[in-house]
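Okay, got some structures for you below.
Note that chain A is present in both complexes that follow, paired respectively with chain B and with chain C.
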Partner chain A sequence: MDSCLNLLSILILLSSFILVANKRVISYIRTFRLQSLLLAILSGVIGIYSIEKTGEIDILIVCVITFAVKVVLIPKLLKTTVTKVGYKVEKDFFLNIPISILICCGLFILTYFSVSTINDIKDAQVKAYLVNSISVILIGLFFMISRKKAIGQIIGFLVMENGLFTTAVLTTHGMPMIVELGLFFDVLTAVLIMGILVFRINENFDSIDINKLRNLKG
Partner chain B sequence: MHSFNLQLLYFLILITFLSGAIVSLILSKNNRLGNIISNILYSIASLTGIITSIYFLLSDKTRIILLHINSNIPFLSFKLEMGKLSAYFILTLSILTLCVSIYSISYLSQYYGKRNTGGFNFLLGIFIVSLILVFSSGNMIVFLLAWEIMSLSSYFLVIFESELPATQKAGTIYLVMTHIATAFLTIAFLTIYAYSGSFDIANAAALIPTTVKNIIFICLVLGFGTKAGIIPLHIWLPYAHPAAPSNVSALMSGIMIKTSVFGLIQFVFVVLGGGYDWWGITLVILGSVSAVLGVAYAFMEIDIKRLLAYSSIENTGIILIGIGLSVYGYSRGNSILSSLALIAALIHLLNHSLFKGALFLGAGSVYYSTHSKNMEKLGGLIKKMPYTALFFLIACLSISSMPFFNGFISEWFTLQALFQSIGVSPQGFKLIAILAAAALALSGALAAACFVKTFGISFLGLPRSTEAQNSKEAPATMLIGSGILTLLCVVLGLFPKIALTLLNKLSYSVVHNSVVPDLKGFSSFVYYPIGLETNKISPMFILVAAIVLVGIVFCLFKLIGRGSKQRTYSTWDCGFRELNPRMQYSATGFSKPLRIIFRAIYRPSRELQTEEGTSPYYPKSMKYVVLTQSVFEKYLYIPLTHLFTSFSKKVRSSVQTGSVHTYLLYIFIAIIAMLIYYRFS
Partner chain C sequence: MNKIAYIVVQLIIMLLIAPLVSGIIKKVKALSQKRKGPPVFQLYRDIYKLIKKDTVVSKTASWIFSVTPYINFVTALIAGLLVPVSLKLTPLNFGGDVIFIIYILALGRFFMTLSGVDTGSTFGGMGSSREMALSSLIEPTLLVSVFTVGLISKSLSVHNMMETLSSIGTNIFQPVYIMCFLALFIVILVETARIPVDDPATHLELTMVHEAMLLEYSGKNLALMEYGAALKQLVLITLLVNLFVPLDSLITFNNAFLALGVSILLYIAKVAIAAVFIAIAEINTVKLRLFSVPNLAAISFILSFLGFVQYFIVGGIHG
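This part shows the complex of A and B:
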């Protein structure tokens, strides 16, 4: 059980490294889908485990919703957005890929050092989960900074959310159902709104490069 | 009467003021009715306030807790208490509010239907209540809250005539300055809390180290000094006072700027437990500078209310000299000096609120009937408004510290304290005390000149405008309002023992000693304390000298003038056919000699604009303007604001770049920094 969770959490971390290594907008979405799938599997494993143990099916429901929203719905929405604004292959990052990967490794090491000093967490396994999932959050944020196109920011945001979700699921074995549902709706609405915003930006600036928003400041 | 009744009376005052405010708001549709009812309620509350505070000042209790509400949050409690000092300030406030509210009944009638007098009276009530709360606050949180309510409500009162650009400017300057004051006070209070662990206004001297005490003192001086209007923090006064309606200016100048004196005494003596020599010296120097420069600027003004505002700066300076001497005496263990100086300062405070109130109300009456505050447009009002003129004259005599009026008593006390300190202090301070005495004397003389000008130009001579020509005497309630104040000026001038008796126990409670029992009185107005025989001035001798001198001059006059005849004839006009009002001595002309002497601080400049006519010898019109500069504004405030705005602009343009990535980067860096901090903490 533990080794299975450990593997999955490392895979989720790896998928965020893959995301940073991606060059094209379409592949961002694919990687995000992969990560979400891993997340769904993770919550499925925990769900089955908790059914065996206590008979609660909450986490299993969460797993199903995760699959529906994050693996199917959101990537689809994002794809329509990308196709509508006109997909072009052009350089989308400030730092080149190797440097980005190195920075992400640095972030991982930093997280490891910070989290390892938390004395109140006695369980070494939970500490390892925390390191992985907090790294995912930081990498998501870094991804938002390093990409020019607005789609990059949306994906970064979603990856951060995935990281948070992983943290929650791995350390607490499932938050109350109502909180989870709220989170899903939040993410879904955020993606919808951001998608619409991307259209608007594209309409007004003929590009979704958010550097062009510079002159909007008061 | 026991303490329960005192509490009851206190809350009765607050409730009456509040109900007056609310009634005025409810009746805001009916201007006249609302105004009359709320002002009557205010005067009843003020009368209760006078009785309560006099009773408390004379009673044996040093301090009673009026209200104490504790909350679950540890440091947040609401505490009201009354000490002797609070009672004295509430007394001053109540006398002034009594007169102002009687005065307002007619004064506000000029705004009926034009402006929201209901809202005005509401704010006035809130303002007075907040002042009472400031004076009776038992901890610093209540103090700050009440202080802030006071500042904000007075801001809205200042901008009552809000469509005028001058008023808006005055309001903005006032708001900025008052919040700078609050900022410094907050720093001081939080520092006290950090060391004493309590927000109560109680002795914390033992808990605070010396350096920190000094820092707290500097913050207090900056904070309270801004509110008091000591130079160079005074710039808001000459704007705010003329812009506000006269009844508000009377309250602001009469009592609101005194809240800072209250705070200073409360925090220096009660919380910090005395202080050091240099605190006193600083206050004396600041006070002397404010006294001289304040009145020097006042002398140049031609707007009556601006003049009065500058004169308030002078009087605050005099009060500060007293407080400074008291702090100095206390820290050197000279209890006679500290008590004498404190009493001098507090009597002057009461006196100033009386005569400055009367002067502002008088200026308001003049404005009510002529719609002008400019002296160059007035003149000859003594014939049109005899009572207003009489009251104004008495107030002018008081503020010029003429003997037999109250201003004299307090300035004489302050001088006595200064002479006393010359006798007992080491060389360094001797010089400062001598200079301060000289400064006080100079400011007294300048104040006299200033009010000769004010009264002479506005009330004597011929009317300089049709408005002054057609002016009428002010309505009865306005006369009653300023009349009570002037009556009190005379009463306190002739029988200062009244004020001294009130201050006896106060002085014990603040500096643990009182000179009042030692003051021996030859008659009702001659006093000098036992123990001060080495340096004394007896007003009795002055009186005798004055009578003798007048007698000699009179006899000489009679002797030389024997045999000459008298005839009644119009003023000699140099052969020019007829005299007109424009030929009179003008206010600007009157102040010319001083403008020449004090060129360095006034920086006068003149401008002559000529509109060319058909020939250079016959210009169409000529315009002559004399300007004096406000040195502090030009060389201190304007450069400072420029520096500040340009710095802010630079910071803004480098921080707020408009790039989303930069903003995200800020968050990122913050998180990383926190992680690193956590790792190494």
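This part shows the complex of A and C:
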């Protein structure tokens, strides 16, 4: 059980590293889908465990919703946005890929040291979960600021959200149902709005490069 | 006395199996393309044929060119002696022999790159510079993943590492080992010139790396170079399967010879399966541009590094 959760949490972390190494928009979406699938499996495992223990079915419902929203719906929405915009490969980075991976590695170490200063965590397992999932949040943030194009930033936002969800599920074994539902709708509407926004930016500026947003238009 | 017997057995197994791995990989690749492909034992025949042929050495080549095949072959063979094929064999071992394996293979590579430059052909120089770049990119991964296992088993000798990892049972499925396993797998793909970085089937293409350095060789020298490359591949695969797929604890025969025989058969099966997996990895990937290889190296480094940090957080054996 513990070993399985640990493996899943580190696979989620690994998928966010793979995301940073990608430069095709389609593979951004594919990696995000993979990460969400891992997340759904993670919540499924915890759900089955909590049914056995307390008989609560909440987390299994969360697992099903995660699958429906994050593995099926959001990637589909993003794909339609991408095909509308017709933008395929990210060409100019602020930093090249190996350096950004090494920076993410640094973020991981930073998380490790900052988590190990919390003295109240006695369980090494929980510490490992925290390190892995907080690193996912930070890597999502880094991904957001390291990509120039709007689609990369949407994916970064979603990865951050995945990290938050992983942290919550792993450390508390499930938040109250209503909070989870609220989060899902939050993310879904955010993606919808951002998708439309990207489309609009593309229409007005002929590019989804966010640096162009600074240009005055008269 | 036992030691000598062990060394002889180890040598014979290494020398006999080495060319088989390439044969299996080629066969699986051919089957995936609905071709019949060369027979599994093709490389043995190639080496036999090459040994009978004359050697041609360029007039401009120095002594390095003619010495390199021997150095390449012998360094691979010594590295092979240090990686026991079965837990029941201890051919050669001393503290820190993992580092010795890595750097004796690096010595062979050093002479190979020198010989690539030596004849002055443009392809050779190109291949040499690429090979050095790739090896320097992939070396950190290899060291970090091996050191992680070394930290867990509190020894840097391959035999002790194998003993520790085969004594932990199902704990082998912990993230530490899985990450190190995947990292070493990528290392094997890069070090043995497999498809994501180099296509072993090409001759005279601008993208070749390993083949470019062997271009000037012929006859016996070429046979030795090919055999050396096959041995190096087998050494790395042995390191991978014997560390992370320890099945020796399953063998419970009382008879020592029978147990040894079964464990060697098991080892051959493991190597064959690893070869099939390498072939599958090759089939499913495309050759990367040379400038994308650092990304692959970074990913493999991250894999080993995640394993390394996991060891510090949860520890290796318990958890």
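In this text, the second predicted complex is superposed on the first by the 211 of 218 C-alpha atoms of A that agree within 3 Å, B and C clash if a C-alpha of one lies under 4 Å from a C-alpha of the other, contacts with A are read in each partner's own complex, and residues count from 1 in each chain.
Operating definition for what follows: a contact is a pair of C-beta atoms (placed from the backbone, for glycine too) under 8 Å apart; a residue touches a chain by one contact, two chains touch by 3 or more.
Small disclaimer: the values here were computed from a predicted structure and weren't measured.
Chain B and chain C, once both complexes are superposed via chain A, fit side by side. After overlaying the two complexes on the shared chain, residue contacts for A:F185 are found with neither chain B nor chain C. In the superposed pair of complexes, A:V131 makes contact with chain C only, with no contact to chain B. By the document's definition of touching, of the two partners only chain C reaches A:I10; chain B does not. When both complexes are overlaid on chain A, the residue A:T117 reaches chain B alone and has no touch with chain C. For the pair chain B and chain C, the least inter-chain C-alpha distance in the overlaid model is 16 Å. Of the residues of chain A, not a single one touches chain B in one of the two structures and chain C in the other.
The touching residues of chain A, counted against chain B in their complex, run 94, 107, 110-111, 113-114, 117, 138, 141-142, 144-145, 153, 210-211, 213-217. Residue ranges of chain C in contact with chain A, taken from their complex: 171, 173-175, 178-179, 294-295, 297-299, 301-303, 305-306, 309-310, 312-315, 319. Contact residues on chain A toward chain C in their complex (touch as defined above): 2-3, 6-7, 10, 13-14, 17-18, 21, 97-98, 101-102, 104-105, 108-109, 112, 124-125, 127-128, 131.
Note for the complex: chain B touches chain A at residues 656-661, 664-665, 667-668, 671-672, 675-676, 678-679.
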